[in-house]
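Down below are the structures I want you to see.
Look at the two complexes coming up: chain A is in both, with chain B in one and chain C in the other.
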Partner chain A sequence: MTPLLELQDLGVTYRTADGDLEAVRGVDLTLQPGETLGVAGESGSGKSTVAASVLRLLPKSAKVTGNVLLDGQDVGAMRWGTLRAARWSEASVVFQGAMHALNPVQRVGKQIAEPIRLHTAASEAEIDSRVRELLDQVDLPAAKARAYPHELSGGQKQRVMIAMALACDPRLVIADEPTTALDVIVQAQVLDLLGRLVEQRGIGLVFITHDLSVLASTCSRIAVMYRGRIVESGDAKEVITAPRHEHTAALAAAFPEVGDAGSRYAPATARPLPDEGERDPQQPVLLSARDLRVHFRDRTGSTVAAVNGVELDVRRDEIVALVGQSGSGKTTLARTLLGLQRPTSGAVYYDGEPLPVSTSGLRDYRRRVQLVLQDPSSALNPRHTVYESVAEGPRIHRLDGDERDLVVSALEAAELRPAEQYLTRLPHELSGGQRQRVVIAGALALNPSVLVADEPVASLDASVRGEILGLLLRLRRQLGVAGLVITHDLGLAWNIADRVAVMYRGELVEVGAVEQVLLEPRHDYTKALLAALPSAGRDDARYAG
Partner chain B sequence: MSAPVWQRRRAAAADVWRQFRTNRGALFGAAFIALLVLFSLIAPLLIDRDGLEVVTAAGGSLEPPSGEYWLGTDESGRSVMLLTLWGARVSLLVGFAATLLSVVVGTLVGVVSAHFGGWISAVLMRITDFFLVLPALVLAAVLMAVLPKSMWTVIMAIGVTSWPTTARLVRAQTLSVESRPYIERSKALGGGHTHVIGKHVLPSVLPLVFANTTLVVGGSIIAESTLAFLGMSGPEISWGSMLDRANQSGAVTAGAWWYLLPPGIAIVLVVLSFTLVGRGLETVLNPRLKGER
Partner chain C sequence: MTTSPTDQHATDPDERRDGTSTVRYVAGKVGGALVSLVFVVALGFFLFRMIPGDPLVTMTRERPTDPEQLAHLRERLGLDRPVWQQFLDYTNGLLQGDFGTSYMYRRPVGDMIAERVWPTLLLVGTATVLAVLLGLWLGVRAAWRRGGTFDRTQTGIALALWSMPQFWLGLLLLIATQGVFPSRGMTSVDPPDGFVPQALDVAWHLTLPCLTLLLVIYAQYMLVMRSSLLEEMGADYLRTARAKGLRDDLVRRRHAVPNALLPTMTLIFLQFGMVVSGTVTVEAVFSWPGLGLLTYESLRGPDLPVLQGVFVILAGSVIVMNLLADLLYRVVDPRVRAS
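Now for the complex of A and B:
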């Protein structure tokens, strides 16, 4: 049988101002109809370049070597007209970032119909019924065809993207990070949908992602890419449970299984963790929220309760994970705790004292409670060197002592060693993980007692994730720095947190020790979150802790 | 510690200059402006003031160009060439001073309105709107009527009517900078308003303001010429006032082209130079305008 897709010794080189950049080298892949192939890798590993080369969607600066055979036909040798016909009717793409890939001023029905209009001579009535059929396949009501993209949720938009990809009955669908921006619950729905389509219609699916656990539950085979090459490929279960290449092992370890005793208090970090000392269970409460409410007025003028009566304590020497899906009010709660947002009612206490309202009082408070933001590439001023960024806090507070010593010791504490080497660097010269360490160093320079981290690893690569989590855990064990880590990732909570607070629609629905909440959830929402986690096929290890 | 900062700034400036140099028109404009500024500064040393005074001027009335008077004379017998050269001083001074006024006011209003938001922004923006729709010439005419007739009144009149565009530009840029997460980080570190504005907002807004400034200078020089031509200026010799006198003394009907063309061409050249430099800088500093290469 002719394979649906065959890549033979594929190589892609980008011509840039700084010389040629080999993005993909010697990639061989085959995909049979009705099969799902997972391609995993970190950012810059070349996985999206491979996807784009299948339909020749690469920019002009790219030079392609080797062959791409689509149903036995060489895509590189196709004439423009043949290629145009092949796009979408033979093979189609589900792009990442559904929020940007849809035209905001067109109804989604029209956008789904666009490829049908381009590739067939169907009548208006036929197109209408086809759109309705497609929406039904992705579990959306037919009425949604008249909706504009902004009226749909993230998951619904992603489903519209999938409906678009299926519009011309392609035999091959390439899904490029289709669930990255989605919540776990929505992600589970989208994965389930893709799996069903492969099964029912016998299409071939290439699934590209950085999250190995997602691949485990959807794919039969997995290929792991690293620096433009495929370093490992084979049966999905085997690759994940018994990785042969160290990079695969790092990727697999980065997304721990909740319940796996081996990864409890053990993020995937190369540096050894200090031993847990004597822990006093009755540490004093540092930061607490009492009946905290924050209301916003939306565009129509009605009030929205982003934070609705939250009671939360963060003690010295503990890490609390605040878990919930996007829009649950996690970030608003964090900003209110930091005094960046004024509560509508209720109060925040630090060390038993209510949060000051005066400018100078708030400034003093900020020495105690510091913030680590989600995206380190935008959290640093691109014009400021590492030194200036870290020294910013001490300068604002006019801290005593030599400024240079403060900066160097903060960088050392954030494990940027030797610190001198980083002082004069600019953010764009650093990797994502190094940038996040600079942000953490900037917070540590003020010697805070509490770090509030808003999705500290969500925009970092898998291998860096474990290192940053390890750093947070080490800071707690060595310096007793308390942490409030906001995340949508339950694995993170399992990795480093002592207690979990689950937030749902502005309310904390469940608060308790990690083991108790994640292994014996009581609230329905926590159960739903846990059920939606993609299982990596290590079920036997589950609940063993 | 400031050494790497200055090194980097120097490198950035060198980079801007390298890109700027590839734009021929802008380079020509910059060279012309530099020459003219230099000449204006040393003009008192080169030009004999007697030739500019009506009572001491030696030539006849409206003489055509000759070996003695290369560009002829005006109705009082003064050399038109000397007048044109001298006029550059007032035109440039008014242009720069009015621009300084408008840019300072515009930047202040723009940054304050974007940074504080809320009712402060609402009030400031309504004031900006008011000045934006005010007919500049009418306001200038009123100011000239109320205040003493001098160059400084002209500067005031132009400055007061040209700051709203700068304010709008600066406000938009500030809003975009303030939405970046590093501003939030700075606030969380305890940074107050002056810290956020001085350390983060101004350094990223000023390059664009600078490019805008060069464009405003050209506009201010035209405004000055217009006001002077309409008789609303001080006693100083400027290109606008030369055109005004040429008009009133009947030089047009007498066919004395040498009296009209030099100040007119001078205005065109100077304004064109400033526009070329401004556009050139804007293309370098605002990558969005670069387009495909």
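Now for the complex of A and C:
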């Protein structure tokens, strides 16, 4: 049988101003109809380049060697007309980031209909009913055809992308990070949908992601890419449970299984963690919220309770993970705790005192409680050197002492050593992990007692993720810095947190020790969150009941 | 599988509520425009009061007048009253459509502006429409083949023309065309009979001033369209469109250009008001009987009521155009409707 897709010794080289960049080297892959192949790798591993090369969607600066055979036909040798005819009707793509992959000013129904109109001679009525049928297949009401992308949630947009990919009944679908940036529950729905479609229609699916645990539940075979090469491939379960290549092991370790004792308080970091000292369970409460409520008015004028009666304590020398899906009010709660948002009622206390209202009082307070944002690339001013970025806080707060010493010791505390080497660098000269360390150093320069971190590793690569989590854990153990980590990632909580607070529709539905909440969840929502976690299948019976 | 609450209950467009938010949006924008207009009126009034020199001196320049006549004149024009009183009188008049009386021509300023506004609108409107069409077309072509010969030469030419003074370019064109086109006025001294011949006569007179204005202003539309399209060209949805099998020109026409047009549109409207106020030199060079020429003539006075009236009209047109741009943007960009 002719394989649906065959890559033979595929190589892609980008010509850049700094010389040639080999993005993909010697990649061989085959996919049979009805099969699901997972391609895993970090950003820069070349996995998206492989995806783009299948439909010859690479930019002009790319030079392709080797062969791409789509149903036995060489894509590289196709004439433009033949290629255009093959695009979407033979193979389609579910692109990464549905937010940007959809035209923002066109109704989604029109965008789904576009390839049908292009590749078939269907009448308007037929196209209309086909769009309905496609939306129905991805569990969206037909009325959503008239919606613009911004009127849909992230999960709905991803469904639209999938509906669009199926529009011309392709035999091959390439899904490039289809669930990244989605909440666990929505991710589970999208994965379930993709799995069902593959099964029902016998299409071949290439599933590209950085998250190995997602592949475990969807793919039969996995290929792991690293620096443009496939370093390991084989049966999905085998690759994940018994990785042969060290990079595969690093990828697998980055997303810990909740309940796996080996990864509790043990993020995947290369540096050793300091031993846990004697822990005093009666540490003083640093930051607390009492019956905190924040109400917003939406554009229709009705009141929305973003934070609805929250009671939360963060003690010295502990890390609390605040988990919940987007829209649950996590970020509003964090903003209120930081004094960036005024509560409608209730109060925030720091060290037993209510939060000051005066500007200078708030400034002092913010010195004690520092914020670390999700995306270090946008949190740092691109024109400021590392030194400037870190020194800004001490300057604003007019800290005593030599500025340079403060900056150097903050960078060292954030494990950028030797610090002198980084002082004059600009953000674009640093890797993602180093940038996040600079952001953390900027917070540490003020010698805070609490770090509030909003998804601190969500935009980082798998291998860097463990290092940053390790840093947060070390800061707590060595300096006693308390942490409130806002995340949608339960594995992160399992990795470093002492307590978990689960937020759902503005309320904390469950607060308690990590082991208690994650292993014996009481609230239905916590159970749903845990059930939605993709699992390598080591112990599926755990969450039953 | 558990269903996610947020996923299922995400924004369902609710027509009735959309309606009230539209009304609120429009009311807000119109209110803002009215406030700006009030500021413009006040600014115009006091600005022209600060011009040194006694208007009576200019008015009575070549005539011997005795102090009694002067005092009488001062009283008749209301210039003997306190400034704030004059301002109240002025705004009161404005509300009734009375812009005051010209010192030089002793005619109502409103009438003078009314007869000059149409020639200016004709000139600016024609030039803007042509400049927009030319600029957008060139901008799209330049961006799509970025860095190519077309891009480089066209961007260079447009920038060179953009930096030329209008009067100088006008004079150059006059010399270059060697009297093929008329050099002054909007109609021939002895206009032909019938509508079509008259329209052709006006068009013939319009050619050079319109061409001058067009050449100077098209660059901004081209450059904004070019950069706006360049920004869109890296967008992911264009890759989606290509992956669907769309031809390159369809990708451009259906997906890239509509998105890139949005920021350009605001500029078109904003600039329209600016171009109106920028016609002073072109109208002066070609003696085009519009608001620009009226300003030019009144400046020699200075004929304060006329200048003040023209100022209010020009500034008002910028505000109104800005308002239109805001409202139109909401119609064409679905995202603005949501926020």
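What we mean here is this: the second predicted complex is superposed on the first by the 539 of 545 C-alpha atoms of A that agree within 3 Å, B and C clash if a C-alpha of one lies under 4 Å from a C-alpha of the other, contacts with A are read in each partner's own complex, and residues count from 1 in each chain.
Here is the rule we use: a residue touches a chain if its C-beta (ideal position, glycine included) is under 8 Å from a C-beta of that chain, and two chains touch if they have at least 3 such contacts.
It should be emphasised that the depicted structure is a prediction, and the values quoted were computed from it without experimental measurement.
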Given the alignment on chain A, is it a clash or a fit between chain B and chain C? clash
A:370 in the overlay: touching chain B, chain C, both, or neither? Say first, second, both or neither. first
If we overlay the two complexes on their shared chain A, which of chain B and chain C does A:33 touch? Say first, second, both or neither. neither
See if chain A has more residues touched by chain B or by chain C, and give me that chain. C
Can A:102 be said to touch chain B (first), chain C (second), both, or neither? second
Would you sort A:379 into first (chain B), second (chain C), both or neither based on which partner it touches? first
Touch test for A:195: chain B only (first), chain C only (second), both, or neither? neither
According to the stated criteria, A:84 is in contact with first (chain B), second (chain C), both, or neither; which is it? second
Contact-wise, after the overlay, does A:76 reach chain B, chain C, both or neither (first, second, both, neither)? neither
For a test of understanding, state which residues of chain C touch chain A in their complex under the given definition. 1-7, 10-11, 13-14, 17, 20-21, 235-237, 239-247, 254-255, 258-259, 262, 332-335, 338-339
Chain A partner, complex, touching residues on chain B are 1, 4-5, 8, 180-182, 184-192, 195, 199-200, 203-204
Of all residues in chain A, those that touch chain B in their complex: 338, 340, 359, 362-363, 366-367, 370-371, 373-375, 378-381, 383, 385, 387-388, 391-393, 396-397, 403-404, 424, 426, 439, 442-443, 446
Chain C contact footprint on chain A (complex, rising order): 52, 55, 57, 84-89, 92-93, 95-97, 100-106, 114-115, 118-119, 146-148, 150-153, 155-156, 164, 183, 185-186, 188-189, 192, 299-301, 325-328, 505, 528, 531-532
